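Data block below; observations after.
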Amino acid sequence: MKARLLGAAALLAGDSKADRVVPPSGFTARLTVFTSAAMAFLAVFALALSLATGRLADRWSDQLARSSTVRISAPEDQMPIQEAAVLEVLRTTPGVADARLMSRAEQAALLEPWFGPDLPIETLPIPSLVEVIESEAGFDPDGLRLRLAAEAPGAVLDDHTRWRRPLVEAAGRLRAFGLIAIGLIALSTAAMITLAANAALAANARVIGVLRLVGAQDSYIARAFVRRFTNRTLSGATVGTVAGLIAIMFLPAADEQGGFLTGLGFQGWHWLWPLAIPPLAAITAFWATRLAAIRTLRGLT
Amino acid sequence: MVIELSQAAYGYDGGELLAELDLHIPPGSFHFLTGPSGSGKTTFLKLCYMELLPKRGSARILGRDVREMTRDDVAFTRRRIGVVHQNCEFLDHLPLAENLSLPLSVAGRDTAEAAADLEELLSWVGLEARRNALPPELSGGERQRAALARAVVTSPEVILADEPTGNIDWDMAQRLLRLLIELNRMGKAVVIATHDMNLIRAAKAHVPARVLRLRGGRLQLAGADL
Amino acid sequence: MKARLLGAAALLAGDSKADRVVPPSGFTARLTVFTSAAMAFLAVFALALSLATGRLADRWSDQLARSSTVRISAPEDQMPIQEAAVLEVLRTTPGVADARLMSRAEQAALLEPWFGPDLPIETLPIPSLVEVIESEAGFDPDGLRLRLAAEAPGAVLDDHTRWRRPLVEAAGRLRAFGLIAIGLIALSTAAMITLAANAALAANARVIGVLRLVGAQDSYIARAFVRRFTNRTLSGATVGTVAGLIAIMFLPAADEQGGFLTGLGFQGWHWLWPLAIPPLAAITAFWATRLAAIRTLRGLT
Amino acid sequence: MVIELSQAAYGYDGGELLAELDLHIPPGSFHFLTGPSGSGKTTFLKLCYMELLPKRGSARILGRDVREMTRDDVAFTRRRIGVVHQNCEFLDHLPLAENLSLPLSVAGRDTAEAAADLEELLSWVGLEARRNALPPELSGGERQRAALARAVVTSPEVILADEPTGNIDWDMAQRLLRLLIELNRMGKAVVIATHDMNLIRAAKAHVPARVLRLRGGRLQLAGADL
């Protein structure tokens, strides 16, 4: 393994003489550089989309979702019994992470927007409220309603905040979409580099023939091509990644007002992710070209 | 024996172009190969430098059975054989001088050391002035001379030349022939495929050359008519 | 123009003899087909993303946003005056589309989740509520607060639903992102096809030389290449588009629960958009190859 | 005059390879062009089929000044000139027969009509059996014969052949020469660049051929020594 790594390092460092046997440029070369640049650029965006929607999903689920209430309206004397019954039901309901009786003060705060701070809440025959925190999986609201009706006839489940759940799911779906896009981009890059390498090998069939004729080993010829393509892909992908990062930095940041979409940028150690793109592209190019070269050479005498 | 064929046969696409080839080429020998166009001279030479493998019979090149060689063995063996192709190909993006030293650098040999030899060779084939030209800028005859120079630059044990004077005027052809005779005297085996009877006669005046003739897919020793 | 269209049709229909002069296949050919397929696939996804986020933004803005309330707490006798003052202020506030005093019944319905239907709302000294519907542009909440404080001291602006605005903006940003991606994909496709065409022309330099030698006109040679590349791009893009559409159809639909993200699929006449991808790709290929061929031929005698 | 050069000069990369070229080639004439390798024979022929334009002086091909031709004019004029390149190139993916009829189809002429002529031509150059071979499957001499056949298939007014017999045995070379002499008798102008003195002598026995020699960049009429 170590020898292999050293070999790879030596390979990229280059042997200028062997390199010169492959014509320096040409359109397949530019195509390779451009393809890897374009693909790296798109990959940066897909990565940004994926990470940003990941953050989005996390925030939405933290800030918004998974809170319902149970309202208990009962005669004064029944109240403590029904409250206990409701809490017991909730405690044993799968998907309920926590259930808590709200204090009068909390209830007043909730109502403030509608009445102002002067509401004489103590004098009102208002019901008790239980705040229900859902777990990740969520509970089944219809099942819970049935159980509450049986155990505490005065209890009503109000899950009006559950509408936020689809938002979280949507964010998750966007994240998956970003990941699929990255996968597709990686696959197409590999395919395109393989095809470009094959095109270059085909275009240089005469060069390869001359080299074989004067006694060059397969490994010598393959190395010259592999080095070329790896270097081209590396530089193309680097340019594309940098361009992508610059473009993303100049996108307007979105978290000024609400903080719901945190913008498409990278945050913290997420900046390391796009930096992995050029080396991964180079590794892809290395293997794609190597296999293409070996296959081509096997067909010659 | 540098080249040993016994009952070797070859044909393209299932046909049979060459058959019953029996030939021993010892070191230091000088052979001409003639035969009408399309008789299989180039094919025969390709068998000798392992671009083709005999379909039947056996071929031993520089002491090794061609069927038992790996691809790397073939590469190493080719370094000991100088070949002038009929349609001489070069690396079109490298200047002539680098093309000529290509067999050296491919073999990992120090090209700086061989620089003096290279100069001498260039002037022998009359290409000193074209040293920095790219191959596509050479005339037909210049390419052939360059191909011969490239074939002998490593001082190989066998030299196989396919029609090396087809595009070259008689004076220059004699010059190239002298170079090959010189190398032959140093112990190299030389095989030249050619149509040019004048060339064969000129060579016979200096070396005991054998003339092989391909006819009807068989190899014959040409008689006293040459 | 008509002659031109007919010419283009004849060009694509093909002249089998002229076509044969270009070698039928090879890696640049496969590269072209693959590139256009991959790019069409990505374009379908970007288009889907863009259209879906467009719908998302529309829905979110329709369903959620742009509704605030003004609460007026005042002594019984002051109430009508302040109500009128508030409505007058809102009528003249830029960015307010509509303002409407809520009836007691509406207020009761709003409070029901917290108190149950039995709340004796008539007996309570509750404030008046004015529903404010924002226009597209939205109003400036701080400015409105200042004006309200001046005109109706008992009025309090509660814009607690405005937090949804960033969501709409986020959706808009995703749509822009999708459009940018489409633009980038179109540009890279054009560039890659140009490069692939150039690579093919370079690889076929000898073919072109032979054709010039035997007296072929530039237009004859260019046509053979242009036709090849246009057809290849068209078929590649068609395959990629169809594959993209199939992939999108098999994505799980998202509008089961909430209807907030309507899934990535196309809806209604939006299905026509992706169908434009193959012809556009073919037109791109046509011009890219034509220019490349003319440029290459000009360099030959 | 099919080819008229007056004081034409040409050189690569700013040098001067050919100068003071004055030559009138009338229809029905037969010319040989000789000169040592690298003297500029191929360059001269390239001036004649407009691959190169003279740097100085004037050249009129088939009655038109080369400097006043558009690219399409060049294409149309080339259809009236048959060229045998020194390194004969073909469309490697098309069988030989289609390569030979290429000049016809490029000119929009009906290849079916010319099919009989094509057959005759194929058998004349001894390639009937190779009709369906791809060009890379041909031997060196077969390629040269095919190139000659392609050059004459349109029955052009001028035939320019660059070393057409370099890779061909003497019998076949005489056959090709007879074909060219036949065409010359039909009124075509023929120009052959060659090193092969035997070929020139053989031709002179049948047609009143003029021999031009390139020496020091100038065109001379070779004397009675040939």
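Going by the order they are written in, the chains are A, B, C and D; count residues from 1 in each one.
As a convention for this text, a residue touches a chain if its C-beta (ideal position, glycine included) is under 8 Å from a C-beta of that chain, and two chains touch if they have at least 3 such contacts.
Quick caveat, the model's predicted, so the values are computed rather than measured.
Engineer: Under the document's definition of touching, what chains do chain B and chain C have as common neighbours?
Structural biologist: Output, common partners of chain B and chain C: A, D.
Engineer: Could you pull out the chain whose C-alpha mean position is farthest off from that of chain D?
Structural biologist: That would be chain A.
Engineer: Using mean CA coordinates as chain centres, what's the gap between chain A and chain C in Å?
Structural biologist: The mean C-alpha positions of chain A and chain C differ by 21 Å.
Engineer: Distance-wise, how many Å sit between the C-alpha centres of chain A and chain D, to the nearest whole number?
Structural biologist: The separation of the two C-alpha centroids amounts to 67 Å.
Engineer: Can you compute the centre-to-centre distance for chain A and chain B, using the mean CA position of each chain? Integer Å is fine.
Structural biologist: From the centre of chain A to the centre of chain B is 62 Å.
Engineer: Could you put a whole-Å number on the gap between the CA centroids of chain B and chain D?
Structural biologist: A distance of 29 Å separates the two centres.
Engineer: At which residue positions does chain A touch at least two other chains?
Structural biologist: Within chain A, no residue contacts more than one other chain.
Engineer: If every chain is a node and every touching pair an edge, decide which shape results: line, ring, star, complete or other.
Structural biologist: Ring.
Engineer: Between which chains is there touch?
Structural biologist: Pairs flagged as touching, ordered by label: A-B, A-C, B-D, C-D.
Engineer: Of all residues in chain B, which touch chain D in the complex?
Structural biologist: 12, 34-38, 41-42, 86-87, 126, 137, 139-142, 145, 162-163, 166-172, 195, 197
Engineer: How about chain B: which of its residues touch chain A in the complex?
Structural biologist: 49-53, 71-72, 74-79, 83, 85, 89-94, 98, 102-103, 105-107, 150
Engineer: Which part of chain C faces chain A closely enough to touch in the complex?
Structural biologist: So the residues of chain C touching chain A come out as 26-28, 30-31, 34-35, 38, 41-42, 45, 49, 56, 69, 71, 73, 107, 110-111, 113-116, 118-120, 124-127, 129, 156, 158, 160, 163, 165-167, 169-170, 173-174, 177, 181, 184-185, 188, 191-192, 195-196, 198-199, 201-203, 252, 254, 257-261, 264.
Engineer: If you look only at chain A, which of its residues touch chain B in the complex?
Structural biologist: It comes out as residues 17-18, 20-21, 23-24, 206-207, 209-218, 220, 297, 301.
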